[in-house]
């Protein structure tokens, strides 16, 4: 029962990635695309945690932490480039 | 306990999905950013808390709390930097919006 | 038109060339001879809980030495190419206050996390390279948020050279006291799964992490220098 | 179910690669190239290779993007000085 609900939750999050990706394709400016990447990153962190739970490998949490820190720096870099502050 | 965790993470996943939908459907950059960071932050907090209730291991729960702290601290900073960058890059608000505080502040400092 | 036709023709030719590779693929039912030995004896022999670490650092240690050397050559090349820069007008927009205070709060956390990654390389995923990249990213965040940091290139060079030199010395110690070059068993193996275990692997990984971090910081600060 | 995730993420990876090739705006192309490694690290995790996934996350979506951005900044600056 609980496993089924967890699985459904993960698949809904995966659908979220696909929907945010459409904005990455459409986005008129680079800033829109960066917003899409930002949303996709957060959903991806959740998805990595979910995969660690579903496959019973708790060491995947380390990967999720690296991802959270590094992608934040990437988004800040794009933002600083956009406002000509690099 | 397990069922409660599963339901919490399901609610979180729905918030994640709605945030992504907002990124797709909202009319201009700032509205998209609002959906794409606020809703997904709440969604990821709930999702990971639900998964943490499912684990029985203590170290895992500590790591999930640390991960949540990282997400809570980094996400607003990046979205703030991005919104400011969009403003200085020259992206205008949509016509229906009523308030642009940063624009007004710049005008006042020029005068 | 003729160009498009040729490219289409070339793609079809490539499909025919690579088709057998896809069609005849079979999943391996058992490991090869070398990987079987690693998977069976690796954990017992070297005492590292993360088998990938023992393969990367000890069994294939020479490859890691080569990779670190490649990174060193890249840093030297970038320094050579960007050695004289035209002095442009300085029209940078200052970073906002939120970004500055957020950076000063997050920086110690990120550096600490990088140190955690490369000191726990033999227990959890990650290792010297990943930890070095995380530390370098922290320094990049410092550069991005306009906090004045005078990256002293002398200190970076000393750090890089010292960690590289100690890496070689540890390898030679393995050659003298244990089985071969970069063998980790000249220190006691310790209890399996604890932080002070697996012989010299944590020390070697810390040195690799420091070296990689110093090199990447060198690359980024050479690219972003404003003088 | 795991196979479904791999297929969906693989298709997204291909689309992102096409975007990185065909977008005229170079900044958008850099962002699309970051999206490729975002998908790739999840696929590596599904294939039970967390070390590789961590490397891909750290290098591909963080540091490579930043190095590309600095390079683009330098190129634009040089071109601007030539035009003046």
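By letter and in written order, the chains are A, B, C and D; residue numbering begins at 1 in each of them.
Operating definition for what follows: a residue touches a chain if its C-beta (ideal position, glycine included) is under 8 Å from a C-beta of that chain, and two chains touch if they have at least 3 such contacts.
Values in this document were obtained by computation on a predicted structure and should not be read as measured data.
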| item | value |
| --- | --- |
| Centre distance in Å when chain C and chain D are each reduced to the mean of their C-alpha atoms | 19 |
| Mean-CA-position distance for chain C and chain A (Å) | 23 |
| Between chain D and chain A, distance of the C-alpha-averaged centres to the nearest whole Å | 13 |
| Sequence positions of chain D contacting 2 or more other chains | 50, 53-54, 58, 62-63, 66, 70 |
| Junction residues of chain A, two or more chains touched | 17, 34, 40, 59, 62-63, 65-66, 69-70, 73, 76-78, 80-84, 86 |
| Junction residues of chain C, two or more chains touched | 93, 99, 117, 125-126, 130, 133-134, 137, 140, 224 |
| Category of the chain touch graph - line, ring, star, complete, other | other |
| Every chain pair in contact, whichever chains are involved | A-B, A-C, A-D, B-C, C-D |
| Residues on chain C engaged by chain B in the complex (per definition of touch) | 93, 96, 98-99, 102, 105-106, 109 |
| Chain B-touching residues of chain A, taken from the complex the two chains share | 1-3, 5-6, 8-10, 12-13, 15-17, 19-20, 22-23, 29, 31-32, 34-36, 38-40, 42-43, 45-46, 49-50, 53, 58, 61-62, 64-65, 68-69, 72, 75-76, 78-84 |
| Residue numbers on chain C that touch chain A, as the complex places them | 91-95, 99, 110, 113, 117, 124-126, 130, 133-134, 137, 140-141, 144-146, 224 |
| Contacting residues of chain D [partner chain A, same complex] | 1, 5, 8-9, 12, 15-16, 19, 25, 27-28, 30-32, 34-35, 38, 41-42, 45-46, 48, 50, 53-54, 57-58, 61-63, 65-66, 69-70, 72-73 |
| In the complex, chain B residues that touch chain A | 2-3, 5-7, 9-10, 12-14, 16-17, 19-21, 23-24, 29, 32-33, 36-37, 40-41, 43-44, 47-48, 50-51, 54-55, 57, 59-60, 63-64, 66-67, 70-71, 74-75, 77-79, 81-82, 84-86, 88-89, 91 |
